[in-house]
Amino acid sequence: MKGTIKIDGEFCKECLLCTTVCKNQNLRPAAELNSKGFHPIELKEDADCNGCALCAVVCPEVAIEVYRE
Amino acid sequence: MKGTIKIDGEFCKECLLCTTVCKNQNLRPAAELNSKGFHPIELKEDADCNGCALCAVVCPEVAIEVYRE
Amino acid sequence: MQGNRVIGEAAIRAGCRFYAGYPITPQNELTEYMADNMRRAKGGIFIQAESEIAAINMVLGASAAGARAMTSSSSPGISLKQEGISSLAADELPAVIVNIMRGGPGLGNILPSQGDYFQATRGGGHGDYRTIVLAPASVQELADLTMDAFELADRYRNPVIILADGMMGQMMEPVEFHAPPPRRYPECYVLKGMGQGKSKFIRALILDAIRMEEHNWKLYRKYQVIAQKEVRCETFWTDDAEILIVAYGTAARIAKGAIKRSRELGLPVGLIRPITLWPFPTQVLQGFAARVDDFLVFEMNTGQMLEDVQLALGNTARIQFYGRPGGVIPTPAELAKVIAYQLRKK
Amino acid sequence: MQGNRVIGEAAIRAGCRFYAGYPITPQNELTEYMADNMRRAKGGIFIQAESEIAAINMVLGASAAGARAMTSSSSPGISLKQEGISSLAADELPAVIVNIMRGGPGLGNILPSQGDYFQATRGGGHGDYRTIVLAPASVQELADLTMDAFELADRYRNPVIILADGMMGQMMEPVEFHAPPPRRYPECYVLKGMGQGKSKFIRALILDAIRMEEHNWKLYRKYQVIAQKEVRCETFWTDDAEILIVAYGTAARIAKGAIKRSRELGLPVGLIRPITLWPFPTQVLQGFAARVDDFLVFEMNTGQMLEDVQLALGNTARIQFYGRPGGVIPTPAELAKVIAYQLRKK
Amino acid sequence: MIKKTIFAGFGGQGVLMMGYIYAHAAMNEGFHVTYLPSYGVEVRGGTANCTVAVSDEEIASPIASEPDHLVVMNKPSLFTFQNRVAPGGDIFLNSSIIDARPTRKDVQIHAVPVGDLAERLGNPQVLNIVMMGAFIRKTGLLPPEAFLKGLKHILGERKKAAMEINRKAFAAGYELQT
Amino acid sequence: MIKKTIFAGFGGQGVLMMGYIYAHAAMNEGFHVTYLPSYGVEVRGGTANCTVAVSDEEIASPIASEPDHLVVMNKPSLFTFQNRVAPGGDIFLNSSIIDARPTRKDVQIHAVPVGDLAERLGNPQVLNIVMMGAFIRKTGLLPPEAFLKGLKHILGERKKAAMEINRKAFAAGYELQT
Amino acid sequence: MKNIFSRPKSLKKAAFHYCAGCGHSITHRLIAEAIDELGIQDRAIGIPPAGCAVIAYNYFDVDMLEAPHGRGCAVATGMKRVLPDRIIFSYQGDGDLAAIGTAETMHAANRGENITVIFINNAVYGMTGGQMAPTTLLGQVSTTTPPGRSALLDGHPIHLSEILGQLPGTRYIERCAVNSPANITRAKRAIKKAFKCQMDGAGFSLVEILSQCPTNWKMTPVNACRWVTETMAKEFPLGVIKDLKAQAPTS
Amino acid sequence: MKNIFSRPKSLKKAAFHYCAGCGHSITHRLIAEAIDELGIQDRAIGIPPAGCAVIAYNYFDVDMLEAPHGRGCAVATGMKRVLPDRIIFSYQGDGDLAAIGTAETMHAANRGENITVIFINNAVYGMTGGQMAPTTLLGQVSTTTPPGRSALLDGHPIHLSEILGQLPGTRYIERCAVNSPANITRAKRAIKKAFKCQMDGAGFSLVEILSQCPTNWKMTPVNACRWVTETMAKEFPLGVIKDLKAQAPTS
């Protein structure tokens, strides 16, 4: 894993734009709801994140931070 | 003289557009003033009017009627 | 049916054949209702204008062409229509203008408010003119007064304003539509091409001072006639009242609730509800002032109709004011407290 | 110097650094004066806007950016500015708006008239707001009040309207310009980029009802302070007067002429001339009402300030009205006859 | 008799529809009814609410400063409105996603797991109708048939299939024991 | 003392300029002065007029309902204004193009052939200044030097040549016996 | 001899209030001639502007409705929708149409309202006394651009006809002039064509007229006419700007 | 690991009120990034519109001044003339800019005001609940065009960027989208370029953003993003519309 992301679940509105752009399909909605009533996105346990930041670039809520080695 | 014109001197504002378009230079301002204070245009005594109507076409005041044989 | 839609339906039934409007909350459902239903109405025309100014001027054109015509907006949009309204009044053209008021000044907010009373009754536009101003207080009245508005506009060849607020516009209540009388508007005022007759024109420009003055006094006399004939007013539980609330529209509804509560406590309070804000029911108020010493003006603003009450009553009665501007909707309970306090003070 | 130009010169001397306007008779000389002179004033900006609406909104931007800013127009153009004026008031931004009134409603004519009194004093725009309204009655006063207008606008962070008419605007009289005090306008209200500090914003939209209400009452309290402190009024030959004329602007000048004639005939008549139309000199009038029974309101319209006089005096005095709308300029002789008639009636 | 109810929740939960159907049904039953939705900027991705007043005489104010009933579909709405409910009133809450409970002792709390029930019916969209089933049963303001008639009227002829699942949803709520 | 004068004529006759210079000159002499031009649509190819009031105290109204003096440069203006002139007043008329004469007996008529005089000076444009010469002489409202100073001020430095012909024009009017 | 030129029937026998040589006067006559020749006097309705032509109803012998300044196209829209078989024309100056009325003009054109606009471009606000118009040329002196119009401070002359031509809703747009017999004849043809376009229900038509304003240009009428060709038409070239029917039927 | 993507400094840490997937949110971030990267947070002043972005001052950490609906360009003009060295941007929706604000937009552009406009084209009136906008596509259903927009009754979608591009006063105009990482990156570059243009004193710059409105389009955010490319960009092609500096120096 060359990279990783940090998601602020309270900001997420479950628009799913990030899930569609992640080439590695690293992202999915969590089971629980956030206080706004959305299932916030989370990184799958087996995620293979390369830190490409595409998810962050499309995220309307600026909910994603990206880290790379 | 193939044609002639009739000028309603009370309408004329002495803009002189007619005098400049008449190829035969048939037109000139009269000596007297009309009630608006302009020297209304008149047909010269020696006018050679061909009834081309150019003077009437340019006259902003619709002061000129044209007659032709 | 929802208030905004009721206005639309009533207008169509009243023979409104032309509507032009521009979206603004909280009156959008009216525009949308017209978009959906005008084209179905025989010969009905709906235009979403590029602005409020375009809309009022389209109405001007349509009205001159003989159509019953309407536009609607909310506070900031109504401000933009003022030149047009002044022109309609000057031209003596009928038109119905709906203002579903919101909080102001400026963009303010989209909550119910009564902050445009001055604008509506004093002519927000320039020059000496008046518009008839109708203030419905129920969805049923939205229907009835909308129909009446077209009648009045025709009869006096003058713009008529329906002044309501977001609460009226958003609210749903049962409603029945009465059949309006057929339109009788003299052809001679309509421009539709001269045909075989003589050409005519409609214009507000009168360069000559004396003729302009004549026109001003002619309008003035018309307004005097309206002031004589068209005042409408509801009174509620006034018989034995020792204090009278004066309120219109949404505020009047709240006042009724407060009066019911107060009456349960034995407090002698009643309501005068102006239905026409201009002409204002001055004489009705003066009639009561012979017997009642205390008046409480209640508005959802910082005090505008208050001036008309003061004008009507002068120094003949004590006039108190209670107001909640900015989109706050006071409760009957709150107003009941104010009533109780005022009565204690006596 | 001609009235319209005097306003321009006074504005420039008062530190006006931004002018945007759109041509309209009878105020064109003001726009033209600014076109010619603003660019010469240090940092002065002149824009011929594409419309009155653009002009008032340019003023809004310039004012927020910290410039003393002005626009001018005449009646129909002022109607178009109402949304902008309401926004300036809501934003608490200073600005000076000149209305050189003409005959109305609608296009009306371009002759002197006072038909926009209601619009100016009751807020032609939407929502609960007020503008200070100054009514000069001489070219000298055009100069003085224009300078004061900028001061007042700053002090209360509120739009100020100079309400004059075509006669004032066209007239030439000698004039002296006083040196205005240096501007003191708190930086904290100016938007010029956050620099090293915190970002701020200016807006009229307040979605929350309670906060909007607070804002409304805050504005209301400000208007109360203005009403306390800023009333201006001239009285003329009132000492022994048995009838008092109330008139402003051009009408007040004519009234002075009429009073001089009447006094020559021994008729006891005086003048109250409101200089601020809002706030209205209510207490001044009330003070006189203790002694004088008869008031004659004289306006170049069908009766607008009349309502403010009625509000002030209630039933404590007889109030008569004489008006000439539509651009007719009544003569002192004519008014003197009215005075004589009213005094005979007593 | 006048009864006021506030319905509140997320934008997508059909909150306005609950109130709308209820108001319609009550109107058909001959009551005086006012329905007042919230509107404007606050609906953008936020919460929605509406107030329905049902009365046998003219309604003075459509506003509910002290609603008799409160139906909340999410937590923020519970916090916003719980203290307004009149003493002795009812609070219906979507217990599938609201873990908190009001602390007040002077109101009846009806925790309805509408999310779970709707999902069990295979259609998470109908959670609002489930709630209305429970609401109509507990309040007894309207006969259940009246509500269903109103619902049918609003869905219209073309949505017969939808009516079926909605009827089931209503029943699920109506028959629930809380 | 207050004296009001109306100047009226065609658009091109420099009518507004007459009043303007006169007003300026009077102002420089320390008088209270008002100058009120006509404006607007009526100037389009039509007639123009202006009113000047000169007084030693504040002027109540710049309007002249009964002017003391009337200066008319064309016939329509004579008809429009002649009856307004105060009894005992003066009417100055451009007799070069006005053949009519007022029928009133209670005013002085000054027929000034300004067109002819100006043409004789070789400059038909200065007919207004010729008229002012006659006007200043007959009315005695201002010393002639005061008027010329005002004229010079308005023409400005750059128009020295123009000043020369204007001075002559003024003299022609001033010295005329009517 | 027989009369071959006289006052058109649709023009009242009233003297114009326009200044000597003004292009408004000539254009008025052309409109009246077009109305006569098309036989639509009975069903034409004109909408004069605020501008020098504000009292055009004193001249045209057809029904007329005054519009507030700049709103001619909105007023015409309202009229035409109500009276689709009448011939509605709005008559507007450059300030009226291209400054304050920009939005109304653009959107009526964009909706393809079936109306005709006569657009008098005299590069100046005539009625109010010669202020800069949107069409004032660069460097041209006006009462609000005493040193001449500056591109930097005042912007460029706007070519609204070309812009309107870009909108799919417009059908026929031509720029003409009334400064010479030949141009006047062409302008008349264009006006007639625009009316015809409306009679055929084809959509928005506009004829722009470069119109001399001797008064505010401070020129003699003869020089003003020369200036139209020599200077103004350089900035605003004459000719057809759009004529959809002449194009291949692409849309 | 080091942080390579996080919230820009000029964007307050506040949750947007916009609907899930809304293009406004993305555009806000891009503007803030551009401001950060150009180092102009201290001297940028934003002008939000009436529209869904009406409370944009809650998000941008720069000075902001609200404009009445449609008047952003006039307000910006007033500001910029007074503060020529500040960076003034107005942020406007399609209704705001291209309907009610048509005149103000056109004339500010024509004057070549040295301001930047971010023009959010979402083919709909978002804030007021989905009415037709000037940019609504033909056939597109909106609450005021229930049967879909009709060219005949409602007019065609207006291409204001192309029209503005015709005015000599405009310097740089580009149409972008925020529906995919690639488009978003391009949009960011365009916004930066527009600000740079203003910083260089070069004149009027505008970036049009095709912006998904899932709520009023009644689509999921993912489908809305697809629709931008598949349908909307067909009517409104992406790309540079005008870039004067890239052209040969003709004027």
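Here the chain labels run A, B, C, D, E, F, G and H in written order, and each chain numbers its own residues starting at 1.
As a convention for this text, contacts are C-beta pairs under 8 Å (C-beta built on N, C-alpha and C of every residue); 3 or more make two chains touch, one makes a residue touch a chain.
All of these numbers come straight from a predicted model, not from anything done at the bench.
The fewest steps needed to get from chain A to chain H, moving only between touching chains, is 1. Ranking C-G and A-E by contacting C-beta pairs places C-G first. Rounded to a whole number, the gap between the C-alpha centres of chain A and chain B is 86 angstrom. Chain geometry summary: the mean Cα position of chain B and that of chain F are 35 Å apart.
The distance from the centre of chain A to the centre of chain F, each centre being the mean of the chain's C-alpha atoms, comes to 87 Å. Put simply, the C-alpha centre of chain F and that of chain H have 61 angstrom between them. Residue positions 13, 36 of chain B each touch two or more of the other chains. Shared interface positions of chain H, defined as residues touching 2 or more other chains, are 16, 18-20, 22, 50, 54-55, 66, 68, 99-100, 102-103, 106-107, 111, 127, 134, 154.
With touch defined as above, residues shared between interfaces to two or more other chains in chain E number as follows: 40-41, 45.
Across the complex, chain E meets chain A through its residues 10, 13, 45, 74-76, 97.
Across the complex, chain E is touched by residues 2, 25-26, 109-111, 138, 166-167, 170-174, 253-254, 256-258, 260, 329, 331-334 of chain C.
Chain H contributes residues 50, 54, 66, 68-70, 95, 99-100, 102, 125, 127-129, 131-132, 134, 143-146, 154 to its touches with chain C in the complex.
Touching chain F in their complex are the following residues of chain B: 13, 33, 35-37. Considering their complex, residues 99-103, 106-107, 110-112, 134, 151-156, 158-159, 162-163, 166-169 of chain H touch chain G.
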